[in-house]
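The structure under discussion appears below in the form of structure tokens.
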Amino acid sequence: MPQPSERFHQAPAEDLADRFRRTRALTENLLAPLSEADATIQSMDDASPAKWHAAHTTWFWETFLLRDHVPGYRLFDERWPFLFNSYYEAEGERIARGQRGLVTRPTLADALDWRAHVNAAMEPLLDDPRVAELVALGIAHEEQHIELLLTDIKHAFFKNPLGPAMWDKGETHTAKQGEGWISHPGGIARVGHQASGFAFDNEGPVHRVLLEPFALSRRLVTNGEWVQFIADGGYSDHRLWLSDAWAWVQRRGVAAPLYWRDGEHFTHAGWQERDADAPVCHISFFEADAFATWAGARLPSEFEWEAVARGQDAPDNASRFAADAGNQLDAACPPLPVGTPELFGDVWQFTRSAYLPYPRFQPVEGAVGEYNGKFMAGQWVLKGASCATVRGHSRPSYRNFFYSQQRWQFTGLRLAKDN
Amino acid sequence: MPQPSERFHQAPAEDLADRFRRTRALTENLLAPLSEADATIQSMDDASPAKWHAAHTTWFWETFLLRDHVPGYRLFDERWPFLFNSYYEAEGERIARGQRGLVTRPTLADALDWRAHVNAAMEPLLDDPRVAELVALGIAHEEQHIELLLTDIKHAFFKNPLGPAMWDKGETHTAKQGEGWISHPGGIARVGHQASGFAFDNEGPVHRVLLEPFALSRRLVTNGEWVQFIADGGYSDHRLWLSDAWAWVQRRGVAAPLYWRDGEHFTHAGWQERDADAPVCHISFFEADAFATWAGARLPSEFEWEAVARGQDAPDNASRFAADAGNQLDAACPPLPVGTPELFGDVWQFTRSAYLPYPRFQPVEGAVGEYNGKFMAGQWVLKGASCATVRGHSRPSYRNFFYSQQRWQFTGLRLAKDN
Amino acid sequence: MPQPSERFHQAPAEDLADRFRRTRALTENLLAPLSEADATIQSMDDASPAKWHAAHTTWFWETFLLRDHVPGYRLFDERWPFLFNSYYEAEGERIARGQRGLVTRPTLADALDWRAHVNAAMEPLLDDPRVAELVALGIAHEEQHIELLLTDIKHAFFKNPLGPAMWDKGETHTAKQGEGWISHPGGIARVGHQASGFAFDNEGPVHRVLLEPFALSRRLVTNGEWVQFIADGGYSDHRLWLSDAWAWVQRRGVAAPLYWRDGEHFTHAGWQERDADAPVCHISFFEADAFATWAGARLPSEFEWEAVARGQDAPDNASRFAADAGNQLDAACPPLPVGTPELFGDVWQFTRSAYLPYPRFQPVEGAVGEYNGKFMAGQWVLKGASCATVRGHSRPSYRNFFYSQQRWQFTGLRLAKDN
Amino acid sequence: MPQPSERFHQAPAEDLADRFRRTRALTENLLAPLSEADATIQSMDDASPAKWHAAHTTWFWETFLLRDHVPGYRLFDERWPFLFNSYYEAEGERIARGQRGLVTRPTLADALDWRAHVNAAMEPLLDDPRVAELVALGIAHEEQHIELLLTDIKHAFFKNPLGPAMWDKGETHTAKQGEGWISHPGGIARVGHQASGFAFDNEGPVHRVLLEPFALSRRLVTNGEWVQFIADGGYSDHRLWLSDAWAWVQRRGVAAPLYWRDGEHFTHAGWQERDADAPVCHISFFEADAFATWAGARLPSEFEWEAVARGQDAPDNASRFAADAGNQLDAACPPLPVGTPELFGDVWQFTRSAYLPYPRFQPVEGAVGEYNGKFMAGQWVLKGASCATVRGHSRPSYRNFFYSQQRWQFTGLRLAKDN
């Protein structure tokens, strides 16, 4: 098996057309190590088959760009939107979510043919300023599905008692994390997407929030600290847990992060020894909150996190999102944690903020308006990015979101405290 | 059957001891129209038997006041805490929530004996300043269970195909609601409990929030408007609904507020004709949000609501909570909606605010600390008060909370909009 | 509390009218120790409230006798058939089975008024030969519900953590069981109801079956033997269990008969010490079959059991069903096991026979035809009678039936083996 | 796509070794039209992946023949028994049944390598008389899995909204069925396997049963008759259905056989027009029983069926199982129904007999003893054979068995009546 780092080194993104081609190619590269069967199965309702991701992203381009903006374009196959629409009610009926793993036909080869067809058909649109915003959305959309493809296939392999690997374990070089706390004086902060460049609708409108003085840890919580939490009886002390969290822990017998067994954890390279210094990963909001309580700290709000991230923006994230762009993705994560001491990378970080609309938020009209707004109930905002996030995808205003008990994503935590 | 208004007219609360006696008596008065069987059954997991409310509130007094603060006090029956602890993990194991309706022994008479015993034992403590705060908490706690007793027995009677009545229909006199909008200029507002007097821990600490200009409707949304929403296809237009809400509507076949059938709704006085001008009631957050979207408005945040309520505080709520105190409770609600044009009363009002801790919030130590904080995940804040809320129980900083799909409480909505 | 034996001593049944009056009175006597709440709750879907049994049996008389055979009879309350029809599809819609415990109105007093009304209205019919068969059916039906009332209230009390008692523990006098085996030479046996007197439709037609030589134990398996089975790892040895049984044991963590804890079992007199010599009770078919396998024996077929019972018929059961009739029911069972060495009594005995129609079986026309035939799938035949069976109710051809995992009835086993 | 009839024409079975080779090859032939993904997915808990069938049958040979009877044999892969043991508790833990579709590794190619390895290793054993009985069992076992492979992949393709085909529709030539009834005088019949040759343990011991005079239809019930049943309101008339059946129909909204839509049914060749004269297929016991009631007839007992089949044995089934053996399997069923007028073929036929042990039945010792006996609860006996049954697999004493509501097998019915 080749090293993932050999597969995903690519030139930096220059323009939209390049980014389109590079993103499409990345999806296809990630399918390469998978068998037809690997790419087809669905290991749980929350996850989707790799082939489905490849096809759904193609459906997105075909539907919202080609069908809607290329006169006379004919669908590659009229029966496939039913199979590969995810949740866009305005686009009609679709296969039940839990049945995605039963679609063995069209085959993986069929899906790749569709991709090639759509890639070619997209070329004339890539320089068309009238659809530039939609193209940027489509790229961001496919980048999200690249991360999901990685987390979903990881879960599928984990469910196999043999614990197969998607690729060999690369050289791991956990970068040393920072120490101590970043203090913030509080006050009125402007939050939301305010730079040029693409952002999702849920990152706006820009607005002001009032912050109390606080501090944010320079470090992500590590596996080693989590072992201490467990040793201290963290999973059996009801006082640390929210009420729904405690019910979840009891009912499901939760006693460690997902993918842990003994001193190992499950990775894209199969079962591997855990590094005590690496950021803890695959925890739920419920666990993150309990840990923070145990540690005498708390989770940051999304606004606190953003305020700090924005302050650090110029040098740090620039290097991260530009100079580092040769490696589009730390694909072998977590065996290859990026380990920068900065806010972005390694794991998505739970906040204590519910995922809600910003003041004056309005979803756009039509099916694309279903992208973010309709999920604004019952979920939590996560900030940062993970080792499975495509380089350049995240930013300080980025709002990822998941439910309280989900943990198959690359999720961890960074502590905050009041000052 | 006597009129409820004849039963609950009582003298205004002068001091803590009086309030204790009055509150305890109110619980007992509400049990009077119930048969032993009525008081024992549990109609769903969310609801509890009336007898259980009577006993649980007594357990609260016996545990946190008598046991902890009266040297040598012996429990009335050592086996009963297992039956009547609600969710206080620090107080040990307890009967599964869904099994509360199987406790036919102790009988209702036993529970009333316990109440009398505890009432008498409490007398020496009622003037003791060292436990005054706990007594105030106990009163507030029992007031909450009075409202739950009313909503739970309503649900139980509703589940009976014969639709029995708890009391006769009183004279209804829906007060005319206000018209138009209350504008607020935005800016920095201080929120949280800042007056003297009792408040729950979740109402603090006082802190500042930054508000954008907005307006709050002077009116609660009415039954008549809800009928228009239905007629306009509100329950079948996916565009109005959050994603989880739409799944809920589809799965459960929701097509109207709880307790509606044809032109009637179910009340404590049995099935009654609906008043088009009365505030709509027994809707979920999901429905409230969809209605607001349909109406081209939105739900207020809890802070917006509080800022307006605070501005109106002096004259209006004073009259409400003092002058009106002769009637401790509009017990026959909704047949007897209080219908003031003010913010409080008739129905609890959903906000768009997730129920989360305020900055620097810390639950108190021990079992009483489980009162509010551990529920801060996945629920929504409701403001105001309902016709089933004991007079004097609510206030501008009060934060009620329920899950997105719950609707057996007296819940409605008041629209807000951006200015 | 009076001794049950003082309550149920009654004169022997002379004729149908007497049996009607005696059976109706017995139901009412059994309600006497119950509070209104006891009589109203439903502890699981398989069980029904005591009040429901009292009302349902009354509905049966009112529907199939009074309504159908008394010109001009008007229903006591037209809304009640919806509440108290059990499963007769031909009689229309009815309340969902799991909701029977929510019917607090009509009250227990209402139900007793209904009983009195129907009892009086029935008097003119009791000597009418045209409905004699239906009256006999109604009596047998009410006798069955008397047994169910006893087993259902036992389960309800068991679910109460306090384990209340329905009456005091009587004097127990476990009669000595017989020893050894009753051999049968096999051959052609005539089975099915062939005497005069009432029988259910499922006991016929009489037909011949061919039996191989076999032997039936003179003894019911005892608590003491079951303790040995447990000690020998019976519940954890997959080889003893049918496949579905093993899944049930694993999923539910079954490790003892229902109602066992340490050296005690739950009875109508509360938690009591277990008698090692008393017949084991409250086991499922799955457990009975596993025990028989462990014991190197097997369950008898229903025909084997009947062939032996029929041979013993003349003296033994006669005494049982005639001389012993002063005591209509061993109501305090199992504290008061009847303990005869004969086939009938103490516990219903599982057979290895699926509950299926006899050759040429035809259910009768109309709603009454739903009595037995429609349950002929997936259940097992049980023979004999239990301490909760009304005297005179059973007979050699009687076919009781339950599902593989049910065990809240008074169910035990008697071993058989091939000769 | 080639015609299935071109693929499976093979020479008649001469001896055990030939049958072994032929059966193993048949499994492999059936995998040929499947993609790796087709062979891997699991469409419901009742079904298994095609690859799993290929591997499980290999596990059976490796475990019970090679491991147990070839000194020094080393398992092909020690981790695989966990994946491919079906239900043999004595062989240790195994993957949960519902997770079989998540095993993408070993791949299909790996499984075929295993097959080749085991096929070669088996050669020396094929002529060894000491294991001849086990070899015959292994062949019968693999023949059963061939039928399951066909029914399971049919279900998987059916769940794909595109309805893919496994092969082209062959020429259909529904043979004309017989007319009228075969009368049987009743009396004592010997049933159970009494010829030479292999039989499963559940077909014995041979024993006598007493039959009443009856008649068995010469015809299987057809699609055309089923359409009449539907048109006559068969699925909405509670009087025709057993109680559990009616609950199933209501809860699941059952209104036609599985795989029907409009005038079509789903086949291995995709959606095809239904032939009114072809036997109805893919019905449950519940439906078979309701139809028989509607038709004024009943299902035969397994003994009635066997008695008739045995009488016809000499000429008819001989031709069927010998002369016809060139075509091992009517693989394209039901487009290619074999359509003989005899008892075997086309569809398995539900009986009214519960699947229970014959008198003196004893399972053999060890894991192989788990083959049949432990399923003797809650299922029904089916007789005959289907178009998916390997030629020579069935016989008059053969007892297939399924649960009341299962219908993904090729199941139909033949009516019986009393004479």
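Think of it as A, B, C and D in the order they're written, each chain with its own count starting at 1.
By our rule, a contact is a pair of C-beta atoms (placed from the backbone, for glycine too) under 8 Å apart; a residue touches a chain by one contact, two chains touch by 3 or more.
Heads up on the chains, UniProt names are A, B, C, D = Sulfatase maturase.
Predicted model, so just to flag it, every value in this text is computed and none were measured.
Trainee: Over half shared or under half: which fits the residue numbers at the contact of copies chain C (Sulfatase maturase) and chain D (Sulfatase maturase), same or different?
Mentor: Same: most residue numbers at the chain C (Sulfatase maturase)-chain D (Sulfatase maturase) interface appear in both copies.
Trainee: Match interface B-C to one of C-D, A-D or A-B, accepting only the pair for which over half of the contact pairs are the same residue numbers.
Mentor: It is A-D that repeats the B-C interface.
Trainee: Counting only Cα atoms for the centres, state how far chain B (Sulfatase maturase) is from chain D (Sulfatase maturase) in Å.
Mentor: 60
Trainee: Taking the mean of the C-alpha atoms as each chain's centre, how many Å separate chain A (Sulfatase maturase) from chain B (Sulfatase maturase)?
Mentor: Result: the chain centres lie 39 Å from each other.
Trainee: How many angstrom lie between the CA centroids of chain A (Sulfatase maturase) and chain D (Sulfatase maturase), rounded to a whole number?
Mentor: Chain centroid spacing, chain A (Sulfatase maturase) to chain D (Sulfatase maturase), equals 47 Å.
Trainee: By residue number and range, which residues of chain D (Sulfatase maturase) touch two or more other chains?
Mentor: none
Trainee: Mind listing the chain B (Sulfatase maturase) positions that touch chain A (Sulfatase maturase) in their complex?
Mentor: These residues of chain B (Sulfatase maturase) touch chain A (Sulfatase maturase): 87, 89-90, 188, 207-210, 212, 238-239, 241-246, 285-286, 289, 352-354, 356-357, 359-360, 370, 374-378, 404, 418.
Trainee: Which residues of chain A (Sulfatase maturase) touch chain D (Sulfatase maturase) in the complex?
Mentor: My answer: residues 35-41, 43, 79, 82-83, 95, 99, 101-108, 156, 159-162, 164.
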